[in-house]
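One chain, chain A, links the two complexes that follow: it is found with chain B in the first and with chain C in the second.
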Partner chain A sequence: MWLSLPFLSAVGVLGLLGIGLLGLLVTRNLIKVVVGLQVLVKGALLALVLAGRLSGQVQTGQAITLTVIVADTIVSVVALALAVQVRRQFGTLDLRALSTLRR
Partner chain B sequence: MFDLLIVAAMLWCAFQAVRGTRLLVAALWLAGASALTALLMFRLGAPEVAVIELSVGAGLVTVLFVFAINIAGEEPPGKLRSLVPAPVAVVVALCAVGLGAFMALPNLRSVSGIIQPERFAKVLWEDRSLDVLLQVVLLIGGVLTVLGLLVEGRAQARKELQ
Partner chain C sequence: MPTIETLALLSILLPWAGALALVCLQDRKPALQHATAVVFALAGAVAAVAMIPQRTETNIVSFPLGAAFGAVTFLPDGLAVFLAVVAAVIGSLAVIFSVDYMKGEKQLGRYYAYVLFFIGSMVGLVLSSNLLLIFVFWEITALCSYALISFYNDDPKAVAAGIKALIITQVGGIGLLAGALFLYVYQGSYDVPTFLAGAAKLPADVLALMAFGFLVAAAAKSAQFPFQTWLPDAMEAPTPVSALIHAATMVNAGVYLLARFYPAFEAVPHWRMAVVAVGAVTALMAAVMAIVSNDLKRVLAYSTVSQLGYMVYAIGAGGVFASQFHLLSHAVFKALLFLSAGAVIHAAHTRDMREMGGLGRQMPLVRNVMVIGGLALAGIPILNGFWSKELVLEAGHEGGPLWAWLVMLVGAGLTALYTFRFLQMVFWGEARGGAHVHDAGPAMKVALVPLALGTLTTWLLAGDFWHFLGKALPGGHEAESTGALLVKIATAPATFVALAVVAAGLGAWWQRARLAALAGALRGVGTMASNSFGFEAINRGVVRATVESAEALRVTHSGVLNWNILAILAGLVVILAILALGGA
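Up next, the complex of A and B:
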């Protein structure tokens, strides 16, 4: 049970989700935020494949995972383009420096 | 035992990607985590998605990260402190993982009655055709957004030069 593939994969899913959440909470760098988001989404992808396998519908799980991969890639591309523009406009990648509503 | 090694290495790579101060190194650790995730997907019986994850997650996204870091440049390490105090963030993440483990791990039973014999292409193109349409819309929207962002930046740079 403890060393079975589904159990280990579930541990991997939970670990990736936790590490991604930690990354999103502790970082202030825009590009590192995208890295944290990527780790979080990797956990979600693995969870979808695992759910497909456990429910006996591997192909449906794969099809949904493919959609999430495409959406995640688009989100990353747009976020990185935004980060590049923010760096050009403000000269920094610091999230706190971007908030013009604070003062 | 091999699966245990894969999961441990994947989590280590993901942790290093989040923890590291240098952006380029973090992008490379993320590529490693992505490749190991693809390997785990292959072991779980999903080879098509594993190949796509390997080529897109570990290939294309890493190239995009390196490209963006080259253009934007790196912040000096240690300059940025976290928004939330690190101990609080660790406690929140551990609570989330503990709650997920409490809810998910006792219910990990496979349903042996349902078997899906169809091929991946049939399920994707026939049963989930709406998903394919959504993917096309997302791709077009993403390309247009990036083009808009980059063109705007170029126009502004040209205006500043004049």
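Up next, the complex of A and C:
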């Protein structure tokens, strides 16, 4: 019975989270960071639905998931708009070049 | 007649409403700003004074805030109403004084808004009986003091002084917050009266932690050893603000905290001794520093630190009434001294006493009221400072160790010495400054004269004051009548000893030329005192260590996303590992 739906969902959650984090870990391109963040959030959404299913509160899980989808969409839109502005202002999307914290 | 519930809220909210109005008013009509500030400050003072006949011993005015925060409760008993009246009345006198002092200054709105916010928060702090709420008000007063000390924000010294005051009082805030959280954990609520009634129910070690946490909080707020350095620096503020901080609001909060919680911590081992030691060390050290300072406002600042030491010492020795009585006297005569010093500085355009001298003839009214205030500070009969200081010394003689009492006696002599020194340097002798000076303006006089009258007369209220504080005082002593109390002070042997010491201090100033040899021998002490006994060096060391460690840690803040993600993942792994191991 290891091929059950919850098990597959859990694998999906871990996979999405892993891919998203890996993306954030290795990329320096601002656009790719946004993409990585999206993948990461999708993993979190799947986890929310799964948690609702496992705890028997299916509707709560789904309601929160929908809310997060809306918020997440706004976040990614703003992030991409910022990326466009950053490219116009600084001429680069390389995070390392953009950082001003280093000496 | 409004009920006490309404009055308690009004005395907090009226100054706050004034602050809000001043923020909205913009900086276009100075006359309107002055008027608004005075009206709201006076209205708050009237509300506070109207609470006097209606004080109660039970919690009132309660808004439930949900489980975690408890309820917003106020306890307007004698102690709370007394301090609220001091804050509101002396605060509004400082506001009236500002009308002349701040004339023509820019950004009056910011100035008055913070002053009124400050007064309202102080009233809230003393009236609250919810420890979390006390903490909130406590921090608001810290914020306001920061903003007002740094009022001249184009002067780097003023900004540095404000940040110093903020940081040092935050250290104390941590002590108070820790105490509040402990109380919540072990009592299940932040309610102060419940705590005071049943402090013994808490585990002894927790009670001790709270007691010393509160001592740290009070020491930081009231500029006691070893946190005394912020108060003299706070002199960069406009002078009415100094009067406000020193006499009406900020520094009284620490003494109030100790007095309020004295019944709960009385039995904690070593706590009273620690309080006595803090008070005695502070009183002596600050008095020595006042002797060598040449800045008029710094001398007064050190004298405040020293007199606060007397109050703290009295609480440690069990004389809570004596400390509150001295607080009353001190609030009146120190407000008088600061405001008249403000008038002097306003006229002479300098704070350096070496550039003053001979001002007495040109500003007779200021000279007269400042001499009254100075005599009260020195503890000369029959001014209010004499009675309350003798009461403090008597309480210390009864309940404190002998060495501390002797230290306080020496401090009293030094107080007389530095008081006569600064009065002489400012008002008599040859005129050393070239500026043409003028006497105080009308609004300044309106503020100075009532304070001078108060300095001459508040001691007559001793018995009534005791009766008024009533059940708010620990120990359950029967209130004594004014007459009995005064006779008791006047006939106590300690009084004569203290008077002799004060006279010796006065005589030392009189004969200072002949004591030159002695002064030479003590020059080393004077140099140390000018350097604030090394505390500034400690402060600088702490600042440097903080900055350097931050620089050293800079490599960890690369600002590169990949490294941050790696750190987050590493943290996650650590937490998971802890959970996995701890759950087993």
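What we mean here is this: the second predicted complex is superposed on the first by the 101 of 103 C-alpha atoms of A that agree within 3 Å, B and C clash if a C-alpha of one lies under 4 Å from a C-alpha of the other, contacts with A are read in each partner's own complex, and residues count from 1 in each chain.
Everything that follows uses one rule, which is that a residue touches a chain if its C-beta (ideal position, glycine included) is under 8 Å from a C-beta of that chain, and two chains touch if they have at least 3 such contacts.
None of these values were measured; they are calculated from a predicted model.
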Chain C versus chain B on the shared chain A, clash or fit after superposition: fit
Which superposed partner A:62 touches (first chain B, second chain C, both, neither): first
First (chain B), second (chain C), both or neither touched by A:33: second
Partner chain(s) touched by A:96 [first = chain B, second = chain C, both, neither]: both
Contacts of A:25 with chain B and chain C, given as first, second, both or neither: both
Chain A residues touched by each partner, larger count belonging to chain B or chain C: B
Where chain B and chain C come nearest after superposition, their Cα distance in Å: 5
Touching both chain C and chain B, counted on chain A across the two superposed complexes: 21, 25-28, 95-96
Touch list for chain B against partner chain A, complex: 1, 3-4, 7, 10-11, 14-15, 17-18, 23, 26-27, 30, 33-34, 37, 40-41, 43-46, 48-49, 52-53, 56-57, 60-61, 64-65, 67-69, 71-73, 75, 79-84, 86, 88-90, 92-94, 96-97, 100-101, 104-105, 108-116, 118-120, 122-124, 127-128, 131, 134-135, 138-139, 141-142, 145-146, 149-150, 152-153, 156-157
Residue ranges of chain A in contact with chain C within the complex: 21, 24-28, 33, 95-96, 99-103
Contacting residues of chain C [partner chain A, same complex]: 554, 557-562, 565-566, 569
Residue numbers on chain A that touch chain B, as the complex places them: 3, 5-23, 25-29, 31-32, 34-36, 38-39, 42, 45-46, 49-50, 52-67, 69-71, 73-74, 76-78, 80-85, 87-89, 92-96
